[in-house]
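All chains are identified by letter, namely A, B, C and D, in their written order; residue positions are counted from 1 within each chain.
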Amino acid sequence: MAQITVQEAIDQALAEEMTRDPRVLLMGEGVATKRHALVEAFGGERVRNTPLAEGIIAGTAAGAAATGLRPVADLLFAPFLCYAMDELVNSAGKLRYLSGGQFSFPLVAIAMTGAGWCVGAQHNHNIEAWFVHSPGLKVVMPGCVADFKGLLKAAIRDDNPVLFFVDIGLVFAAGDVPEGEYLVPIGEAAVRRSGQDISLISYAKTVAVCEDAARTLAEQGISAEVIDLRTLKPLDEASILASVRKTGRAVIVHEASRTCGVGAEIAAIVAEKAFTALKAPVLRLSGPDAPAPASFPLEQAFVPQAAAVVDTARRLCA
Amino acid sequence: MSVKLYDERPEELLQMMHLIRAYEERAAALQAGSGVPGTCTSVGQEACAVGVIAALGADDLILTNHRSAGHLLARGADPGRLLAEVMGRRDGYCKGKSGSLHICARELGVVLTSTIVGGELGLACGVGLSQKMLHRAGVVVCFFGDGAACEGRFHESLNLAAVWGLPVLFVCENNEWQAFVHRRETTLADGVVSWAAPFGMDSATVDGNDVEAVRAVAMEALDAVRSSGKPFLLEVRTYRLRGHFEPDDQAYVDAQELARAWSCDPLPRFEARLRDCGRLDDDAIAGMKAAAKSRVEAAVAYAVDSPYPGMDELVTDVYA
Amino acid sequence: MAQITVQEAIDQALAEEMTRDPRVLLMGEGVATKRHALVEAFGGERVRNTPLAEGIIAGTAAGAAATGLRPVADLLFAPFLCYAMDELVNSAGKLRYLSGGQFSFPLVAIAMTGAGWCVGAQHNHNIEAWFVHSPGLKVVMPGCVADFKGLLKAAIRDDNPVLFFVDIGLVFAAGDVPEGEYLVPIGEAAVRRSGQDISLISYAKTVAVCEDAARTLAEQGISAEVIDLRTLKPLDEASILASVRKTGRAVIVHEASRTCGVGAEIAAIVAEKAFTALKAPVLRLSGPDAPAPASFPLEQAFVPQAAAVVDTARRLCA
Amino acid sequence: MSVKLYDERPEELLQMMHLIRAYEERAAALQAGSGVPGTCTSVGQEACAVGVIAALGADDLILTNHRSAGHLLARGADPGRLLAEVMGRRDGYCKGKSGSLHICARELGVVLTSTIVGGELGLACGVGLSQKMLHRAGVVVCFFGDGAACEGRFHESLNLAAVWGLPVLFVCENNEWQAFVHRRETTLADGVVSWAAPFGMDSATVDGNDVEAVRAVAMEALDAVRSSGKPFLLEVRTYRLRGHFEPDDQAYVDAQELARAWSCDPLPRFEARLRDCGRLDDDAIAGMKAAAKSRVEAAVAYAVDSPYPGMDELVTDVYA
């Protein structure tokens, strides 16, 4: 095992997949400037700085994906995806279906989001749920270094368009990554901590919040299971349901705002399919329904806190 | 069906223009009778489609948009399968899922049709990038309207294609209309071609109602793209003779302007030329029209006979 | 009461509000061509055909709204909103907050969606949940003619950006509209039919599907309550909860796809706040997680059907 | 604080340029020490901001972007409140909610700052429409970068402003950089101004490191907008002397190019001119710098003293 940062994990995944498959290329505003080692290794044709225009980056990626390449487009910050929605949703997500299966769109769109850099709501907006709600796409949002590597490699190998969200708060986080070829399958959640009394379901940086909370809860005699969703589309319903059927209680935690977020979907799945197992209401802890502020203490407060998870879990288990 | 390639004979061009006209008018008639979903017809723009596509080789690829029938037919699409698609039938090019608005036919090299205006422009850059990076010979021809040139993607797409040196021939069919809005309401620019120069892109304009002129200019433009590897913008000036989306009574169209446009209809014009130079006589032309009509009638029969897709198709083809 | 169509109701609302308030203007691709009577009445300055570019239409609307006008932008079909996401979400939705309250954005963005015209997924995509998930916006999606008029008038008077979705399947529907000034407040659901055994919660054209189902259910001895949400943001939680607390059972029905849709949010709210009242799992009936096909029978099948609502309700009440 | 208006004295321009330089360098130093969130500084571009804004009247409105401090200060913003905003403090222009990237100040007519590149271009059309329809006198000045000119909104915005005749002065500060990408990698166009003509828009280019030249051209452009009611595109050629977003070591910048750019630094250049014509001597300049520095120190003290917003602010100002 090697300790590396999320950024290094992403670099490794890119380098390995570009080595493995000559059709993989990386494009985006500044990717060639910032990832100089990749340019050295693979040349300027395969690591391309682009003009400053997210729509055409995504459109080019979609067109290239349908005709033989496997582009990875770095679109920088999630709110900039607003300029590329047509290409991602209407083209990459729908043209396979509308063409009766004539084309597929093996591309990865990377974007950062989340609290951590005090950049405010035009750089920090957790919109992963939009893409979960859109047909034909897959959505991944890792919570630990190893998953960043393994899921990015899997995303690049997937024959469908994958949105790959990077939680800003994790970019400089370090962690272990298995040596050698390491893949994490898309669509599988991970049980980060096993427990009996309550399921804490989360993804991205709030997985660690839930792990913190679980440790505190353990001291108070409550055994919490922590599920890291890792993939948001397709959701690993089986893992979610297995956990909640066992514990009978669920708290879903994410930084994205509440209404129509991923937490809503999980609560709905649980309320439908684990209904008889439920011993308590299904609760969600999320960021507020407000744009993300830049101000440091407000930005921090935007993210659900371990103390709130503990309180909520205790209430449910009371 | 495979890609149709054209030889030098002008009769072939006229024949194809008649097929497109007959197809579109029949489709519109079906739609007026209701029951059949609407389409955007290319009536009046046949010379654009046929002129450009007759200049293509077998390897070249085409992207088009909502107004695609002319491009598809000119490239050799089967009118029966085309109409079946418009009617949402199983034997359509896209199994009936597309309907009229996003028909593509990979076997013909008609790829990635988008009905989002401007969508084809971005996709075309990607197809061009594949051609370039995978060292494929074909040029990418992207048809779009004067309306699409108002979308920001037009700017982004031309710029990217130019700076990356992508083998894309951008073909703007300027038909003076953008759905229910006249082009003069949407821009002060006289045409679309003037936007090429700032990108460092070569360009040309041609009378889009003169099929031979279109073909000649398209040949040159394609040669330029092939030899330089760089994109080219070709503006084809024409007019949308029917409404935007059938049925459409064109009540909002200035009657004089429309009459003037009909007087430039590319079909009679080309017929007259071929008649004048003695290549065709009235009988031959009448025969051509009749052949087109009967081919279209067969297509209608085929499409009407084709069943609707099964309910399982509702959720297939979503993921690869 | 006068019988008018949805289209006429929209025209009436526009004409009345433009008469009342000179700051209201209408803009969009073809609005002046299609709404000639409004041009006659208010002139070309206030009823503007635009260039074909949704982004700049929405951006112009946002900029104008912040500085004294009250624009109504007709963006035609919902998938075209993909070109205007930055303007709607990042500008109109966030710049009030990010500016510390210096600006407000009184604008209405109108878009059509839903099955009915065989136009396929690039014209028909029910993405209302995206906007429900986005801060600073309001979202309205009427289900009957009177509401089209009353809610559009309310939306124009609202000082916030309102997304106004028009279900294509209802455009030519006729119905009664009260004479004279008629407003429907944003944020209030309507009980379309009162019942005791189960709550059918819906919006837009599937409200009628639920009403159909309720009639059938009544014949079978099941008393179903039908709730028309009308406004999707802010959601009328109180009405939803009152109904479910009474009936103990809920089926949520919409044409939009399931994952992270409005139905997910409602199920989550119910699973949290009406948990103890629930006698059965909360179920959702939605369009499939697929692009909308153009083919007529497939397009029809995309929409939840009354028979399925009846079946689902009967299962829950068994 | 209210809008700052400028008289004819060149000293005023230099003074403001020094204030901006001192402010930006101090902010960058604070950020290098960490704890203070980063900013995009306008070092090297002072003459653009000051030259254009010195040409404005009290009624004119400004839209800007992520690189806004020069524009705000030139318009009379209080450096303390500005820095407080960058630091996320309660007394910032936006209560600390914006941080450095979207600062606007309605009281100064600096409206609707967007950090989405290109966002300001669309919003500017809307502000222009309000000015026109509500018969307000002020011209709308929209600052944007050469990078924003790659976004499709640039095309859409210029086109709409032209066809609708909106009173917008588009000011492109072409500083050769688009974050970490050099302009030469993003377009074949030599500059941004060449895109104006196809829209039927008048335009001009000016040396952006010569504050008096900028002011003179801006005056003419503003007059043109005021008298014609039509938009105008002004390209101001300059260079981004510091990194994109502090801290930034500029390792990716060609050292020779950067050195050349520093040799055109607009501040010493303008000082030399004023010295040469005898309007200022070294003491006066030193005094000006010292005054700017002490004003900035006071600003730092003010900002550091300003408390963070209360937690209730997390969810206020979302809806009107």
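Methods note: a contact is a pair of C-beta atoms (placed from the backbone, for glycine too) under 8 Å apart; a residue touches a chain by one contact, two chains touch by 3 or more.
All values reported here derive from a predicted model rather than from experimental measurement.
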- line: By label, the chains that touch subunit A as well as subunit D are B, C
- prompt: Measuring from the mean C-alpha position of subunit A to the mean C-alpha position of subunit B, what distance in angstrom results?
  reply: 41
Message: On a C-alpha centroid basis, what's the spacing between subunit A and subunit C, in Å?
response: 29
Query: How far is the middle of subunit B from the middle of subunit D, if each middle is the mean of its Cα atoms, in Å?
result: 46
- prompt: So which bits of subunit C are touching at least two other chains?
  reply: 50-51, 53, 55-56, 79, 82-83, 86, 90, 97-98, 120, 122, 135-136, 289-291, 293-294
Statement: Among all residues of subunit B, those touching at least two other chains are 96-98, 102, 114, 116, 119, 150-153, 156, 159, 163, 185-187, 318
Chain contact topology (line, ring, star, complete or other): complete
- prompt: Within the complex, which stretch of subunit D touches subunit C?
  reply: 61, 92-98, 102, 104-106, 111-114, 116, 119, 121-131, 133-134, 152-153, 156-157, 159-160, 163-164, 316-320
Statement: In the complex, the residues of subunit D that touch subunit A are 37-38, 88-89, 96-102, 114-119, 147-148, 150-152, 178-181, 185-187, 252, 308-309, 311, 313-315, 318
- request: Using the touch definition up top, name the residues of subunit D that touch subunit B in the complex.
  value: 150-156, 159, 162-163, 185-189, 194-195, 197-201
Message: Under the stated contact criterion, what part of subunit C meets subunit D in this complex?
response: 23, 25, 45-46, 48, 50-51, 53, 55-56, 58-69, 71, 86-87, 90-91, 95-106, 135-136, 159-160
Task: Sort out for me which residues of subunit C touch subunit B in the complex.
output: 29-30, 33-34, 49-56, 79-80, 82-83, 117-120, 122-123, 288-291, 293-299, 301-302
